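Below are two complexes that have chain A in common, paired first with chain B and then with chain C.
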Partner chain A sequence: MFIYINQHAIACGSDDTLAKVIRAYCDDHQLHFDEVAVAHNDSLVPRSQWAQQRIVAEQRFSLFSAVAGG
Partner chain B sequence: MLSDADFLRYSRQLMLPLCGESGIQRLRQARVALVGLGGLGSLVAPYLAAAGVGTLRLFDHDSISLSNLPRQWLYQETDVQMPKVAVMARQLKTIHAGLKVDATAARVSADNIHHLLSDIDLIIDCSDNMATRQLLNRHAFIAEVPLVTGAAIGMQAQGMAFHSAHCGTEYNAGCYHCLYPITELAAGSCQTDGVLGPVVGMAGCYQATLALRILLQDPAMQWSQLWRFDLASGHQQIIQITQDTACPVCAGHTSAFS
Partner chain C sequence: MLTIAGHSFNSNLLTGTGKFASPALMKKAIAGSGSELVTLALKRIEQVQDKDMTLRHLRELGVRLLPNTAGAKTAKEAILAAQLARDMLGTSWLKLEIHPDPRHLLPDPVETLLAAEQLVKDGFVVLPYCPADPTLCLRLQEAGCAAVMPLGSPIGSNQGLQTRDFLRIIVEQSQVPVIVDAGIGAPSHAAEAFEIGADGVLVNTAIATAADPVAMAHAFRLTCEAAAYSKQGKPAQPAAGAQASSPFTTFLEPS
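Then we have the complex of A and B:
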């Protein structure tokens, strides 16, 4: 099945957790896993939920990096 | 009481239903702490001074360098190597002579934050590092003072506001630590990644707008919402920052966070 992160289709297994998918996405896009945040339906998915959260086919996430410059 | 000169000066603000005459009074009585006078702070401070905010407490430990000038244009070439707080205080006085400015050339730290940020109505985070951002978030939550945070890097701008009174599962709203539970970033500062002046200015303008809306007690104020703007693509997004039930700052957890 597929889910989408920032409009990229990601193939994943039915028992994958959100944490696993995010980590793979970060590795592919040279992003720091510790520094990204993820939203679903314009609502933050808190980091402490990632390890438990099972993904559902066709779910769409936006992923972005923390910004601290000023 | 507003004078005739005040009515003239603030006429465009007075017209707004959000402001009115009482709004000008509110701004005049407001005490705002502004941490960081770089690309964000050097834009937020003059906007608040010009809008009639009565007291600004400024914090920055840096002096002005040549590399600041492309985006921190309130500082002039002749100001290089001068302390930012001193130059900013001088510039703000030329914008509004009646403004009360407290300028402190120090780094806000865990040791001095309770002292430096006492008796304040609003904290504006214009800092340039994650450790200070987390420190200000935690202080604002404990002190029950609203916090406006902004940041920029490359072509990305972000801005948001938090208030402990509007934080919790019943509001579906968390704090800055819920969004970014980290104390430092491996990379991604203006020093390492660069930034375009107007991009950081965009984040500063958003912060100044949020600050004025908070001080004017805007009933439509949305707390715990991240605004992110990619100025390369024009894509913008508003994200509700839900509370992380494991958050050591706002969810009452006593973990190792310090």
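Then we have the complex of A and C:
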């Protein structure tokens, strides 16, 4: 099945947790797993829930990182 | 010394990390500024991008992070940005900024107050970037903001304290630290802010886009340190006319 992270279709297994998917995405995009945050339907998905949260096909997540800013 | 929400900083200079030619240069400039409270932004990752080293460098410097909500156009968006920042960075400190107009980047007072009220309830230490409106600053203070950060002039304009008359009123009324944010383009502008009575200044563009950012960061550091000493020394009051500093009137006469 597929889910979407920032518009990118990501193939994943039905038993995958959000933590597993985010970690794989970070590894692929040279991001640090400990330095990202996730939103779903314009709401925060707290990091503390990632390990327990099973993903559902077609879910769309937004991934954020820190950048320079004033 | 600058105290915000019970936390004391040796430096009254806050700095931003945007617009530097490179992350390494940013790190050197921030280190040279002596700043201990430093802003950064959040960004939705759109594509494979060069790794942004801002966070890594700031962690190495050991400064306190002050994530902002830049890009938010409404209170709702700013609240989500705040939640993301806290989850990502482990800090409840927040520079709240909401500016829906991309041309002038002026903060929206209504959305800013709405967001501030909610974020304070949610346990954030809120430092709102806001118009130099004395009434709004009072309302933000009443909402529980840890400081107010009125603008001196538009973001990145380097125009100095175009709002000086209103800043004076804000300083006079405020029970929380007043940090002049936006528009400070030269160390002299920072000095003027402190002479008005501001507790701190936030500087980004003036340092990042200077020909020598590290030297400019040092110049701001010295200016802000001088302002702190001046505050301690309490400047003498102006007199209506000349007041002799030497006993020259008796030089040729027996005493």
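The rule we apply is simple: the second predicted complex is superposed on the first by the 66 of 70 C-alpha atoms of A that agree within 3 Å, B and C clash if a C-alpha of one lies under 4 Å from a C-alpha of the other, contacts with A are read in each partner's own complex, and residues count from 1 in each chain.
Here is the rule we go by: a residue touches a chain if its C-beta (ideal position, glycine included) is under 8 Å from a C-beta of that chain, and two chains touch if they have at least 3 such contacts.
Computed from a predicted structure; not experimentally measured.
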| item | value |
| --- | --- |
| First (chain B), second (chain C), both or neither touched by A:E58 | neither |
| Chain B versus chain C as contact partner of A:H29, first or second or both or neither | second |
| First, second, both or neither for A:G70, with chain B first and chain C second | both |
| Which of chain B and chain C A:P46 touches, first, second, both or neither | both |
| Partner chain(s) touched by A:A37 [first = chain B, second = chain C, both, neither] | both |
| Shared chain A surface residues [contacts with chain B and with chain C] | 35, 37, 39, 42-44, 46-47, 62, 64-70 |
| Chain A residues within the chain C interface of the complex | 6-7, 29-31, 35-37, 39, 42-44, 46-47, 62-70 |
| Chain B-touching residues of chain A, taken from the complex the two chains share | 32, 34-35, 37, 39, 42-49, 62, 64-70 |
| Residues of chain B that touch chain A when the two form their complex | 36, 38-41, 126-130, 133, 150-153, 156-158, 172, 174, 178-182, 185-190, 193, 195, 200, 203, 226, 228, 237-247 |
| Chain C residues within the chain A interface of the complex | 16-20, 23, 26, 39-46, 48-49, 51-52, 54-55, 67-68, 70, 76, 80, 83-85, 87-89, 155-156, 202, 204-205, 208 |
